[in-house]
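Each in structure tokens, the structures are laid out below.
Each of the two complexes below includes subunit A, the first together with subunit B, the second together with subunit C.
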Partner chain A sequence: MKDKKKRNIICTIILVIVVIALINFANTNLDAYVVRILNLCAIYTIIGLSMNLINGFTGLFSLGQAGFMAIGAYTVAIFTLPLDMRSTVYYMEPMNAAIANIHLDFVPALILGGIFAGIAAFLIGAPVLRLRGDYLAIATLGFSEIIRILLTNWQSVTNGALGINKIPDNANNMWWSFGISIIVLVLISLLIRSSYGRVFKAIREDDIAAEAMGINLFKHKVMSFVIGGFFAGIGGGLYASLLGTVDPKQFYFTLTYNFLLIIVLGGMGSISGTVIASFIVTGGLEILRGFDEPLVIGGYEISLFRPGFSMVIFSVLLMVIVLFYRKGLMGRTELSWDRLFNFFAKIKAKFSPKTAKEGGAK
Partner chain B sequence: MTLELFLQNLANAIAVGSLYALIAVGYTMVYGILRLINFAHGDIFMMAAYFTVFGIVDFHLPWYFACIFVIVLTAGLGMLIERVAYRPLRDAPKDSILVSAIGVSFLLENLANYLFSGKPKAFPDFLGLMSTVSFGSVTIQKVSLVVPFVLIICISILLFIINKTKLGMAMRAVSKDYEIARVMGININFVIAATFGIGSSLAAIGVILWGMKYPQVSPLMGVMPGLKCFVAAVIGGIGNIKGAVLGGFILGLIEVMLVAFLQPLTGYRDAFAFILLILVLLVKPTGLIGEQITEKV
Partner chain C sequence: MKSKEKVIDQVIDKNVVLRTENMTMQFGGVVAVDNLHLTIREHQIVALIGPNGAGKTTAFNMITGVYTPSSGKIFLQGEDITGVSPDKITRRGVARTFQNIRLFKDLTVFENIIIAKHFSMKSNVFSATLRFPGAIREEKRMREESEALLERMGLADVRNDVASSLPYGQQRHLEIARALATNPNLLLLDEPAAGMNPQETEDLTASIMQIRKDFNLTVFLIEHHMDLVMEISDRIYVLDFGQTIGKGSPAEIQNNQRVVEAYLGVDDDAEN
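And now, the complex of A and B:
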């Protein structure tokens, strides 16, 4: 038992060192395109985790992630935009005087974006979280549309449909995106293991029973929703900084479906599943993008490959997972060293039948 | 504001409301039976629009035949979706079915984008209803005059089916208690498939008239009407057909009138429905004429 614990700690330390070394290596040696994709993976992990906290761990079927992201993204975009560039970006209508001269550094802007998203989550959550399952889905989806419509029409603050470009490039550095996503990962893991996390799971399993046990349903649902909104806002801020440009069309509610696929693939209620799935889905989408280009083999153009094909595959994938692998990769379990070593031991046993038998005889 | 302007907008509001009502009924029927938001309903509506374009523009069908073609095809699509995406998950947790519904909706949008290209197509004026008629100084599109009558006919037929036929009785039984209905020997799968078929064919009728009013067909055309009609169904009280019609009219009226008389709010047109939804859910979560649902443990 003690040996195992020791082994696990050593493994964790090695993993941390390897991850840091890999980030360091990737940051300096890989080309910009790959670094960008990896950063996107890390950012999607943050938002996937925030959505899994709400949907997977608390059992609230929310589709508002794109709205929270949009709030975080626009906050970062507006406040980090250098003062001297503002008049060229806001050329249709000058920026609202109240915010025109406020400039924040990246980190305060990011946190502010998270806080704004959290406040929005509270404002929408307080009335809507009394609803059950599918009503909540529609109401949160409606909320994310309201945000998008607001962004399109609030010309003097958000620059309307033109969006904001020339956002300073902060997140396109692996230390930022991976660093923040690891912090978020640790925070959410700690939250899930705390007494609050157990309350969230109790609500997910049976909210009526949870209420009968004396849990304040409303308080905890709102809490999970606000924390989820906060992290989605942080993720959105990083996203804006990575892309360098935001406009309302990016935050169409179908963006939420990316994260839905991530948490369904990873397993609703599994942190490690979400991390794995974020990388698979984001990387997969990048690879699938190749299918949108016309493919010519031996002078024949294969008409299967044309714009839109990648999204067809994406949606078929979502359907296949939910129809045939409802639990996703991890179900509700987490990846742990014990599990990993047991898994390897099993494989080892499979390939050496003799030792397996002997072990059984003892 | 002049009286003419008001009348013109009123006619428009009634037409839009009737169209919302037609689509909302499809939502409410499926919800009544499966307790599921059929996210794909708006996209079934979109596919029906493409069927119409193909039937008229590409196959040159005569109008009556085109209508039947579109309705049958759309009903078939609705039943196919139920068979492939919802039936295998009948005993699965609620969330999985919801994800499946979202998946179908997303798949239909992407498929339409892939197969028919994202470029909007023009909806053909094959019924000759796009032109306008004038009563004095009030000018109204012909389709706006036709829509309410179509709605009345459709709803009458629907209410007849639900209240007077054996299938309707089975539908009511299934929506009351799914398990008991199954025990009583009702062929649940058939009843549910029939519900999807009827709901989808109403969407098809809706789109034929919708296209006359908004003659542009694109892969995402079904999203907003779909979401709004769901909101209409919730406002009226989901699961209740009269409620869906009422909700459709309320939504149509508010939307058209607000845009007509509060010009600066035009950009926010699509947000009204959701704000209204949140307000209704706060004040009367079961809708205006919905039944009270007690939570069962």
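And now, the complex of A and C:
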């Protein structure tokens, strides 16, 4: 027992060093395109985690992630945009006087974006979460669209359909994006392992029983939803900073499906699953991009290869997952050192049954 | 004037834990429970019996706040709790189990128990997440209390098992343990012996008696196993199509002609 604990601590320390070294290496040596993709993976991890907190751990079916992201993204875009650039960006209609001279640093703007997204989550959650059932999905879907339409039409604040560009580039640095996503990962893990996290899971398992155990359902559902909204806002802020530009079209509700795919693939209710799936889905979307380019073999153009084909393949992959791995990669379990070592021990046992027995005895 | 009446009321009913007055539940045109008057005194074991569809579980659901009665009042220790939400009623000391077991299936036995302690937690979500000293203390207290309860209920061996993996009888047992984890005064058991064999039923009977003694509880239960009901009940209420057709001690119920006709008579025939 104690040996295992020691082993786990040592492994964790090694992992932390390796991750830091890898980030350091990637940041300086990899080309800008790959770094950008890796940053996007980290940001998608944050938003995937926020969605898994709501959908996977608390069992609420929310489809509002794109809306929360948009709020975070626009908050960062508006408040970090340098003052001297504002008139060139807002050339159709000058920026609203109330905010025209407010400039925030990246981190305060990011947190403010999270807070705004959290407030929005409260405003939708408070009326809807009193009801039992899946009304939340409909309400959040509508919310996402409302946000997008608001962004398109609130010209003096959001610059309307033109969007905001020239956003200072902060997230395209692996220390920022990975640093913040690791902080979010740690915070959500701690939350899940606290008494409140257990209550979220209890609500997912059986809300009637949870209520009979003295748990105020409404309070805890709203809590989970607001925290999820907050972190999605943070993720959205990083996203804006990474892309350097935001416009309402980026935040179509289809964006939410990327995160839905991430949590379904990783496992509803698994933090490590979400992290793994974020990298697979984000990386996969990039790799599959090759299918959108025309392909010519021996002078003959294969007609399937045209824009949109990658999404077809992606959808087929999703169907395969849903059919054969209904619980996703991790189900509701988490990666842990014990699990990993047991896994290796099992593989070892398969290949050499004799030595495995001795190994097991030790 | 009114307060004086109330004081007198409390003096008279000092040891009444639960009282319902004209408690009625109507679903559309169907009267599921009609004018039910219950009086449950401290430390009693009271049974609610009746054929299927008599309205027993509906009565439970009104007492625990799942339904608000169409009319009538419910008093817990003299205080009106009609229409109060289920979580608040639990916090006032009424715990329950369910007819169809409702455990947190994918969670461990230990987690099932400790979740029932959550409402006693004063730390907010930030201090719990960031592990502030106060939250750590509370978590430790909740863990110790849960461990002690598991030990007491004989579930310590399976503490890390997933609830749904337990055998059926043990799942029912865990549900009772989970209800006890909320520190109730009044325990409502909805068919605790459903699906149990005679041996298990006997164990359960002994267990309910023991629990009442150890936790100083009042027990109100719905049950179909007549052996169990007649053995442990101090008082029995009989419902049929929402109507109260009998109340009294086990002996009185057994000799109540109306009850025997409606309910026990059928049972006797079946045995012959």
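Heads up, the rule we're going with is that the second predicted complex is superposed on the first by the 352 of 362 C-alpha atoms of A that agree within 3 Å, B and C clash if a C-alpha of one lies under 4 Å from a C-alpha of the other, contacts with A are read in each partner's own complex, and residues count from 1 in each chain.
We take it that a residue touches a chain if its C-beta (ideal position, glycine included) is under 8 Å from a C-beta of that chain, and two chains touch if they have at least 3 such contacts.
Keep in mind that this is a model prediction, so the values were computed, not measured.
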Subunit B versus subunit C as contact partner of A:L187, first or second or both or neither: second
Which of subunit B and subunit C A:F143 touches, first, second, both or neither: first
Touching partner for A:M85 - first (subunit B), second (subunit C), both, neither: neither
First (subunit B), second (subunit C), both or neither touched by A:I208: both
First (subunit B), second (subunit C), both or neither touched by A:T152: first
Partner chain(s) touched by A:I115 [first = subunit B, second = subunit C, both, neither]: neither
Which superposed partner A:A349 touches (first subunit B, second subunit C, both, neither): neither
More subunit A residues in contact [subunit B versus subunit C]: B
Contacts of A:M311 with subunit B and subunit C, given as first, second, both or neither: first
Subunit B versus subunit C as contact partner of A:D134, first or second or both or neither: first
On subunit A, the residue positions that both subunit B and subunit C contact, one per complex: 208
Subunit B - residues contacting subunit A, complex: 35-37, 85, 88-89, 92, 94-96, 98-100, 102-104, 106-107, 109-111, 113-114, 117-118, 227, 230-231, 234, 267-268, 270-271, 273-275, 277-278, 281-282, 285, 295, 297
For the subunit A and subunit C complex, residues of the former touching the latter: 187, 190-191, 194-196, 198-199, 201-202, 205-206, 208-217, 223, 227, 332
For the subunit A and subunit B complex, residues of the former touching the latter: 55, 59, 61, 63, 124, 127-128, 130-131, 133-135, 137-139, 141-143, 145-146, 149-150, 152-153, 208, 254, 257, 260, 264, 268, 306-309, 311-312, 314-316, 318-319, 322-323, 326
Contact footprint of subunit A on subunit C as seen in their complex: 64, 66, 85-87, 90-91, 95-96, 98, 102-107, 111, 114-119, 121, 125, 128-131, 135, 138-139, 142, 178, 181-182
